[in-house]
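You will see chain A twice below: alongside chain B first, and alongside chain C after that.
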Partner chain A sequence: MNFEFTGVLLRSAGNRSSVPIPAATLGDALTELTSQLPQMGRILLDNTGQLRRAHRLFLNGELVPNPDRTMVLSESDRIEFLTAIAGG
Partner chain B sequence: MVAVMDRRGEVANLVLTRWGDLLNEISASVVDRDAAELPPPPELMAAAASTGLQALALPRQVGGEGVDPLTWGMVLEQIGYRCMDVAFPLLLSIRTTIAQLLYETGRADVIEGYVIPIAEGRCAAGTAYTEDADAFAFHTQIHRKGDGYVLSGHKVYVTGGLLTDVFLTYPLDEAGDMVACLVHRDDPGVRVTPADGLGHRTTAAGTVTFDDVLLPADRLVAASDGLTHAQRFLSDQRLWIVCAPLGRAQAVLEDCVARLTGTIRYGESVAGMKNVQSSLGRMYVAIESARAMLYHALSYVTAGGAEPIFDPVVSAAKYFVAEQVRFVLELALRVLGGYGYYGTPHLGRYIRDYAGLAVAAGTQDILEVNLGATAVARAGRV
Partner chain C sequence: MGSAELEGAFWGARAQDWADIQQRTVRPAALAVLAELGPWPGRTLLDIGCGAGDFASLASNRGAVVLGLDASAALIDIARRQAPTGRFLVSDMEHIPFADNAFTTVTTFNSLHLASDPTLALQEAIRVTRPGGSFVAVTWGPPSECDAATYLIEIGGLLPPDTPTPLDPSDPDALKGLLTRAGLVPSPWRVVPCPWEYADLETALCGLLSTGPAMRAINHSGQIQVIETIAESISPYRRGDGTYRLDNTCYYVVATVDRK
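The block that comes next holds the complex of A and B.
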């Protein structure tokens, strides 16, 4: 699968707009991603290791309202995050 | 839409009969209070609670009337229409939203200790979120100490901060995650000072500083992912903050028509001049289209269709209504001429106060970006 990044997350991804990850589930993919890009973990995950709900997850262009770490992924799947954060 | 407009009529009548006198009283002193930077009188805020207004949208279990989001939005709109003090509906809506979020914790201690007192007007709640930093780089920190926590930091702008008894605030923990916690104004180490702003001089805005404030563990209401908790507050509030301004824009249009009808230039009523009628027509279009957009979003939320953290329809409604309200005020100044600038103490205040709509609960610019990014993500063309 591929993570694709824009906006604030692109900076945390070292300006790599696409990061291919070999993983069969969302949980595995996030673990590998944050292993490769530790700074991404602090942005994406909360202090229990769960994906923050403020990041809206799109799988192949479809919003996934409540993404679960067990969500199965295929090689061709594409995940994007919309970090719709306001205020500050 | 027919049913919606029927409900609008019922809500207008409800607000007039139940709170009309209260709103007139608050309005009567607004010019002097704006100059002195004073909020609505405490006894009138208390009256709002004792007559059920503060609790109107809260569940019956905590003494509320459980009105739905469409009705609550219409009530705020009508308050904005009748009340010349922008602070009143703003403080009302913030406290209600905080109470709703705290109610959702389901914790008996939180409901007994905070939600019911807020509903009854015995406790003023405020949100201390904003810092001069992005959400991942907040300076306010919370650390474990014994069975509790110690909180340190500074929040730069809290609407109603000078009146606030309990702050819902958002520090970062040792892991760098944001948490949500409640801080009492009288907790040792809490310092509140006035905050200056472009407008909203009657909202008693404040800054709050936390100097090693000791908090018992039960003050945490979100022990992880407080960022999402804060975004939920902002997403809810995004809709409520434009309801009253829309009502006020309606009142401004009506005031313009009344004033210009009685203003004679070159032997005729200014309201009869075609260029003035054109401007009034554009103001009318702006208000009606904003109302249609707002009611669409309120109905959507009432039907349970909105996404809780960032909803495109809600965000688009905030964006659009804010733009239309500010457009109406600008046109009002142009058609009223000198009277609008120096003849009335109100229009300039509204222009200053509602400039805040461009930045509150998500700046117009960030909403544009997020809405555009949502469209792109859905199209799968990133």
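The block that comes next holds the complex of A and C.
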């Protein structure tokens, strides 16, 4: 599967807009992604390792309202995120 | 209520907490700007998005004639008390109520990204800066340098989905691009450590709930959820003695306004 990044996540990924990850589930993909790009860990995941709710996940262009780490992924799947960030 | 009035109402809801706790987190950047642009006697300063008047007060103490604008009437009231010789007005950033070339120095501390139209706000800032004068833009550093990024992201997730973000506050390069497109030639980035430090969780929450976006999030998602989310987002930065420290950077650029 491929992660595709824009905005704050793109910068957290070192400006890599597409990161291919060999993984069969969302949980495995996030684990491998944050292993390859440790600086993304605190941005993507909360203190319990769950995907922060602030990131709206899109699978192949479709919003997944409550993504679960057990969500099955195929080799051709594409995951994007829409992340709002507040000023302060 | 227009967007600027609404923004002002959110920022003013907990104005005293902003003044007492949160605004001071930008103080190191304010001191760096003061040192770089001094001496201040003879300068006329406009601070756009002046909040509770911290920077204006510091510049006034160094001899500048200071004016400040902010969308929040409550913050302007505090600024007037903090810098009694200054002049402070409630105004949005897109319609600055001063004549062309009125100021030698115009500053924006983490405020341009709060404008509903940052391009127009910047045009207005340039318009009121005297040729040869200085324009300063300050913003938070990138997420890799800011522990506060998780707070800003979590608050972002609790805002109404249609909340506009015309200028990404986590992207200094976006701000620099805005300046360049407006015809300015910004200096290289100056990077200033600006940690957020709190004596305890209660103080941290008072500070972090005092921002406009936090109040907007409360309005949309409810106070309990916002408090729980903030407490979770800062928990990695709790130290053994119960205090909190989030290490962050501020970035700023200086540009000389050179209108033909």
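Quick notes
Convention: the second predicted complex is superposed on the first by the 87 of 88 C-alpha atoms of A that agree within 3 Å, B and C clash if a C-alpha of one lies under 4 Å from a C-alpha of the other, contacts with A are read in each partner's own complex, and residues count from 1 in each chain.
Heads up, the rule we're going with is that contacts are C-beta pairs under 8 Å (C-beta built on N, C-alpha and C of every residue); 3 or more make two chains touch, one makes a residue touch a chain.
What you are looking at is a predicted structure, and each value in this text was computed from that prediction instead of being measured.
Counting residues of chain A touched by each partner, chain B versus chain C, the larger count belongs to B. In the superposed model, A:63 lies in contact with chain B only, and not with chain C.
Residue contacts after overlaying the shared chain place A:24 against neither chain B nor chain C. When the two complexes are overlaid on their common chain A, residue A:78 makes contact with chain B while staying clear of chain C.
When the shared chain is aligned, chain B comes close enough to touch A:50, but chain C does not. Using the contact criterion defined above for the overlaid structures, shared-chain residue A:6 touches chain B, although it does not reach chain C. Comparing which residues of chain A touch chain B with which touch chain C, the overlap comprises 7, 42-43, 46-47, 52-54, 84-88.
Per the touch definition, chain A reaches chain B in the complex via residues 4, 6-7, 17, 42-43, 46-48, 50, 52-54, 56, 58, 60-63, 65, 78, 80, 82, 84-88.
Of all residues in chain B, only 129-131, 133-136, 138, 173, 175-177, 223-225, 227-228, 230-231, 234, 238, 307, 309-310, 361-363, 366-367, 369-370, 373-374, 377-380, 382 touch chain A in the complex they form. On the side of chain C, the complex with chain A involves touching residues 22, 110, 113-114, 140, 142-144, 148-159, 161, 163, 165, 168-171, 211-214, 217, 232-233, 235-236.
Remark: chain A residues 7-8, 11-12, 39, 42-43, 46-47, 52-55, 83-88 touch chain C in the complex.
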